[in-house]
Every structure is written in C-alpha cells, then in structure tokens.
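Common to both upcoming complexes is chain A, partnered first by chain B, then by chain C.
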Partner chain A sequence: MIKLTDVTKKYGTKRALEDVNLTLSKGKLIGLVGENGSGKSTTLKLIAGLNHPTCGDITVNGEKVTRKIASSVSYLSELDEYYRFFTVKDAIEFQASQFVDFDIEKAYEIMKFMKLEPQQKLKHLSKGNRSRVKIVLTLGRNAPVVLMDEPFSGLDPMVRNSIVKGLISFVDLDKQLVLITTHEIREVENILDEIVAIRDGYIIAHHNVDDIRKENKQSIVDWMTEIYA
Partner chain B sequence: MGAWLALTKKEFRLGFPVFITALILYAGMMVGAYFLGKQIDHEEALILMAFMFVMGVHILFLVFYLHYTLSSERKRLHLWLHTPMSIAGLLLSKLFTGIVFMAVTFVVTLSASSLFFNQNIDFFNEQTIYNIMGLSTAVVFNGAIWLAVTFIFFWSIFLTFSQQMNDFLSFILTFMLFLITGWVYGLITSMGFVETITTWGPIRVDDIIVGFEFGYMDNAFEANTLSEASIFYIGHFIRDLIVSIIMFFAACWMIDRKVEV
Partner chain C sequence: MADLFHSSKPIYEQIAELIKKQIIRGELHAGDKLPSVREMAIEVNVNPNTVQRTYRELESMEIVQSKRGQGTFVTGNTAVLAAIREEMKAEILQNFTRQMYEMGYSKEEITRGLANFLDEGSIRDD
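This part shows the complex of A and B:
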C-alpha cells in the first residue's frame, strides 16, 4: 500500500505538489492523470524515493520511503535514457543482477511479447522499441509496487492497444499495485481500476473507474474533460 | 556481492572509452617523442621528457575517468540511483574500475618505457630505473586516489547546488568552495597542534630523484638525475587517509539525501 500524508514538494520557489493526501491499495491498477506539469512525474519520483518531499510523509507498505525503497518499488522513468552499449539481453541480465525480485523467465516472456530480439543493441533500437525494453525491465520485477511514468510514449499507436492489453497479463494483481501516468487515457481506461486526477499539484479527484462509468455514465475521457473544464 | 560485481562489469563497459583514449594518447606521445627525437638526434631526451609528462598527466587519469563516468550517470540518475545498493557501493564500483584502468594504462606505459630505457639509456643503472619506476608508481597512485576522492566530494556538492541553480552558477560556487576548503585545510594541517599529532612515523628515503638535468656536449646527449634524501611521515599519510574517508562518506550522504532525479 502507498500512503502520502500531507505531502508538499517544492523545487526552489516553484510548487510541484501541495498538501497531497493519497492512499492507494494493493491489487489495483491505478491511473494518475493530469495536464503537463501538473505533478504526475513528481508524485512517482517521490514514491520511488528518487525525490524527497519538502514536507509530509510517504510510506510504501508501512515503510518510510527513502532511496532504498527501490527494493520494493519497480520504477519506469519517462526519460529515454539507458546504457546504450547494452543489448536487450545485457539489460535484462543487468537488471536481474541488481534486483532480487527480478524474474528473468518472465522478462524473456515479456520480451518475446514485445517482439524484441535479445541480441539487439539498445543504441540501434527505435524510440518505440526502447520504450518496450523499459516495460520489459520494469514488469520483469515481482516488486509489490510498480510505478510507470508514461510507459506508452513513443509506442506506435497501432501496437499500443495490444501492448496495453498484454501488460495486464504480466502484472500479478494479487500481489502488486501498479500506478501509471499516461496521456493515452483512451487506450488504458479499460484496464484501470482507479483513477487519480491531479491539477497544479493538487489531487482533485480519486475514483473507482467502474463507478464513473456506471454512476456518471461517462467514459474516463469524458469525465476528465468535464473535471478539467 | 553478485550485484556489485555485475555493476562493476557495467562500469568497465561505461568507462572503456576513457581507457582506450588514454592508451592512444600516451602511445601517441611516446611514439611522437621517439620520431621527433630521432629527427633531431635526441630520442633519449625526448622520450624521457614524454615519459615524465605522461606520468604527470596520469595523476589526473582517475579524475578524468570519474568526470566522464559520473557525467554519463548524471544523464540517467533515475537509473543509477534506483537501486537498493548503497551510494558507497555505487561510487566504489566506479573508483575500482578507474583504478584498474589506470593500473593497466600505467603498466603498459611503464613497461614500454622501461624497455626503451634499458636498451637505450646507459646513464641510469638498473637500480635507478627501479627507483624511478617504483617512486612513480607510489606518487602517481597515491596522488590520483587522493584527487579522485576530492573530485567525488566536490562533484556531489556541485550536484547538490545544481538542484537549486543552473550548472554555471553551481560550478562557480563549487570551485570557490574548493579553493576556500583547500586554503582552510592547508591552514589546519600547518597548525602546531595538528603538526604535533600527525608528524610521526618518519621514513627516510635516500636518493629520491627530484629532477633531471639535461645537457648536450660533444655531440652527445647527457642527462643527470638530481637526488636528495627525503623523509615521509606515516602520520601525514594517515591524516590524508582519514580526510579522504570523511570526504567519501560525506559525498555518499549528499548524493543519498540531497540529490534528486
């Protein structure tokens, strides 16, 4: 479980998050949505222990978040940076060496699903294929918390849908919590259990996706259009 | 340990370009000195000068290496720092690979030079050659590791500053801090009290080569070594070692607690 209590994050004088209180339970696939610069990536970095809150507390499964939380949090960055001299196989093996929860067989299974070849050098891959490698490396771990920052950016729209659907089969929702930030709402809305909307550093809504569909009789995109209007 | 070894393997690949560049650069200097010397009929003098220059530059090898590899990591801090491994483990891996690369480069240069000196220079006896080589090794590695730890410490300060301001200002502030710290450190180590507690364990080394005298007489190149006896203190070495360890762990603390992605 992830818990943010009164979390504020400032970069110098610029406020990124303000007084955020959020509780996310395991066994769910949660979407974190918002405009550019609304605080989505900052939220994920704070949970991953890669940024430090200006004030407030963050815990993952009851443990106060520090950089060492990496042992129970698998994090996919929005940045397209990896060790370019690695082949896909090298990258998988390196990740396996660094994280005890990395399941190498599962990683190769995801790699095949992503139509990647183990001997391909990362520097020769297209941006879309590098995005696939990032997904392989993140979902290859059996970490209790998976954070994915814009995992589908750079992916070809034709394959994005099938990758999103495939993604769900590589997550063990009995044991894992997945938090995804994305602009591709239409593609992911069918796999999400909950949605958290953020604007200018404030959490403005946190709902069950089915409730939005049944009670509001709206798609997530329509719901978002309404709350951001 | 397995995770650290795998990380170190990655570090070898990441830092490989620095190693190759240094090898090419050093070989280029030595070969260049040889051919230039041959043209003006002074290859011994020029090779010796090139060797001394390469040894001087080699003290900075670790700093260049760390600058290259830490700058590469700076672009992907989200990868480098997203690990359960301690920052000390991450930095030691870089330091270790740097020292290995430095040692290999050093041995290659030293072997090639000693081969040349043995075959071509007869004004050094075997003992003197070993003296030069041994002393070069001690001075170069001791100096390089001290500089490397100092670099890591100030790089961490630079990274911490760069969270709040642009790189140029961060660099200027870090550089000023470096100068001030160096000055303060000099003052502290020369204080009577500090001198008293650190000046112990003298080691007298006779005939330390402190310089060379080159001359050209009767169509022949002449070189003489300038040597004198020196005293080294184990206490000074321990003092610098303690300061290095403090700087290293301070750098780890800053990266862990102050640096963000």
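This part shows the complex of A and C:
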C-alpha cells in the first residue's frame, strides 16, 4: 500500500533520510518512532506528497506520489493549521468541501465522541480540544492512508487517552492503513500492529509488536532502549 | 489503560488468557457468543487486529468457533472447557511450587503450609 524504494532526502547538504526502503501494508496501525530530527516527519511529508524525495521512488496504492496524492492520504500535521475564527462546524464543513471522501456523519460522530460542540470557536478551545478537532478532521475522511504526525505531543493523559480510543473506534482497518509518529510510545504500544524505528535518517528496525514481546520477552520500551543504545 | 496488560507479553496472548479465565469462572459458558472483534477491541483498548489474532489462536486451540456471518462462539465441547480448567490449575500450581522450591521450602513444608493456610481461610483481598 505504501512503498518507499531507495529514498533519500536532503535539505541542502543536510541528510534527512538515507536510502530508505519500506513497505507498509493495508489494514495495519503502524508506529514510526525515533528521536527528534531522526526523519519521522520528513517520511510522513514525503508520503503525503508535501515534499519530494531527492532521489528514490514513493508509491501509495501503486500510484507515484505527487501533491495530488492528498486525495487518498489523510494527513494530520503537528501544527495548528486551521483558521482560528472557524467554529468546529465550520472546520468540518471546510474539510468536507476539500475532500470527496470526507464523511460528515462520521465526523459529527467523532466530534460527539470527543465531547466537542459544533458552535465552539477554534480560538476559544484549549490545546487539547484543538487536537481533538484535528482528529475529527483527519479520521472523518475515508482515505485509504491516514498519516498522523505527533498527535499526542504536549497533551495531557486524558486527551491522549481519548485520541487512542478514537483511533480504535473510528479507524476502519479493513480499508485503512494508519501511520503515526510519536514519542509517547507507552501511549500507543497497545494499539500498534507494527513498529518502524528510525535513527539519523536510517530505518533500523521494522517488526510486529507482539512478535517483539513474544520473541524477546521484552516490552516495546525496553526493546527500543536496546536498539537505540 | 496500560495497566490491563503486562508490557512484555504479547497482548493477543493476554486477551486469550482473559477469555480463558472468564470461561473457568463460569462468566462465559459453552456456546456463548463472544463480543465482536471491534467491541472487544474498544473494551480493552487494543487494536482490532490484535483481537482478531486472539480469536484465531483460540480457534486453533478449539476453544472457540467462528461461524461465518454470525460471530465467534465458545465451543460447545465441554471436554475442551474442562481441560482448560485443569490446565490453568496445573499452571498456577507449577508457578507456586517452583517459587517455593526456589526459596528452599521442602515438599512437607509446602503441603503443611498450604493446608494450614486453607484451613485458616486466610485469603486476603488485595
């Protein structure tokens, strides 16, 4: 479903990704982990068509990634990027006008689940609730690929928990693939199928998480501590 | 939510354990329908694929049966269910005795200690 072949990305002379080969298959919830500056966000942006590889190929569903891939990729940015004067309802309607796969009914369902009100203005929302709005807008789309860049960063445990629950409840793993970057591995380790570890632009591991627990008799956090040592 | 599971054991195995315990305690009976994969996933806060794997494992152990279009059911085979009960008992006893032997207790000390303990009814709720 997502395939990166010999992908290298440089920003000027700085290397962000080096010779990355990665195949991610449909129906999986995959965590992309690594330290700050290791290339996680770059990887997501390249798959989303928001940035171009210096060399190598990226395909989503067999289609070469260009800016147009946005029609099959739902991307959650780590930034707050919506108009602050929008209400929650405005944001949902705006998103619906931009993407044909946006399911308004589902979006309102997620909105209720996240305990948001349609008439609330984004600029009056707390950081946690703005993050919840981003989840509504991202998961409201029935896109085959969902990319989430640091959806938990800077949020309190209650909000993180509601996002995790939202993911389990509203992602359709029969049809979707979810790739999520995070530092908060403890938050997501129970809901991941696979984990991809990246360091200094290199993919250093890609495994099924339960296989790690079974074969190494180790928690994911311990395993990570070991491979990053 | 992370507390429900040990972080160093496969989650699909831990969910299988939970279901086996429910069967042993009589909360689930022969022929009972299990929650759907999605319901179970939401209930225990894990990925539906993990629950799918649990159900697959339990099916290969013949503890559950999935019926196309209807869901997953506890087997009607009571011999299998009785066997799970015995297995779980053996497993707990084995862990207990191994720990006792590791600490150097003799067989007599263990049996006497256990008998006294049971007579006193001194099970603490903690």
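One rule holds in what follows: the second predicted complex is superposed on the first by the 226 of 229 C-alpha atoms of A that agree within 3 Å, B and C clash if a C-alpha of one lies under 4 Å from a C-alpha of the other, contacts with A are read in each partner's own complex, and residues count from 1 in each chain.
Here is the rule we go by: contacts are C-beta pairs under 8 Å (C-beta built on N, C-alpha and C of every residue); 3 or more make two chains touch, one makes a residue touch a chain.
Predicted model only: the values in this text are computed from it and were never measured.
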| item | value |
| --- | --- |
| When chain B and chain C are modelled together on chain A, clash or fit | fit |
| First (chain B), second (chain C), both or neither touched by A:Leu50 | first |
| Where the C-alpha centre of chain A sits as vertex, the angle toward chain B and chain C in the overlay (nearest 10 degrees) | 160 |
| Which superposed partner A:Arg132 touches (first chain B, second chain C, both, neither) | neither |
| Touched partner set for A:Ala70, first chain B, second chain C, both or neither | first |
| First (chain B), second (chain C), both or neither touched by A:Ser97 | first |
| Which superposed partner A:Asp210 touches (first chain B, second chain C, both, neither) | second |
| Shortest span in Å between Cα atoms of chain B and of chain C, once chain A is used as the common reference | 28 |
| Chain A positions touched by chain B in one structure and by chain C in the second | none |
| Residues of chain B defined as touching chain A within the complex | 2-3, 5-7, 10, 13-14, 75-79, 81-85, 164, 256-257, 260-261 |
| Chain C - residues contacting chain A, complex | 1-2, 5, 7-13, 41-42, 45-50, 53 |
| Interface residues, chain A side, partner chain C - complex | 27-29, 161, 164-165, 168-169, 173, 186, 189-193, 210-211, 213-214, 217-222 |
| Residue ranges of chain A in contact with chain B within the complex | 12, 45, 48, 50-52, 66-68, 70-71, 75, 77, 79, 81-83, 85, 93-94, 97-99 |
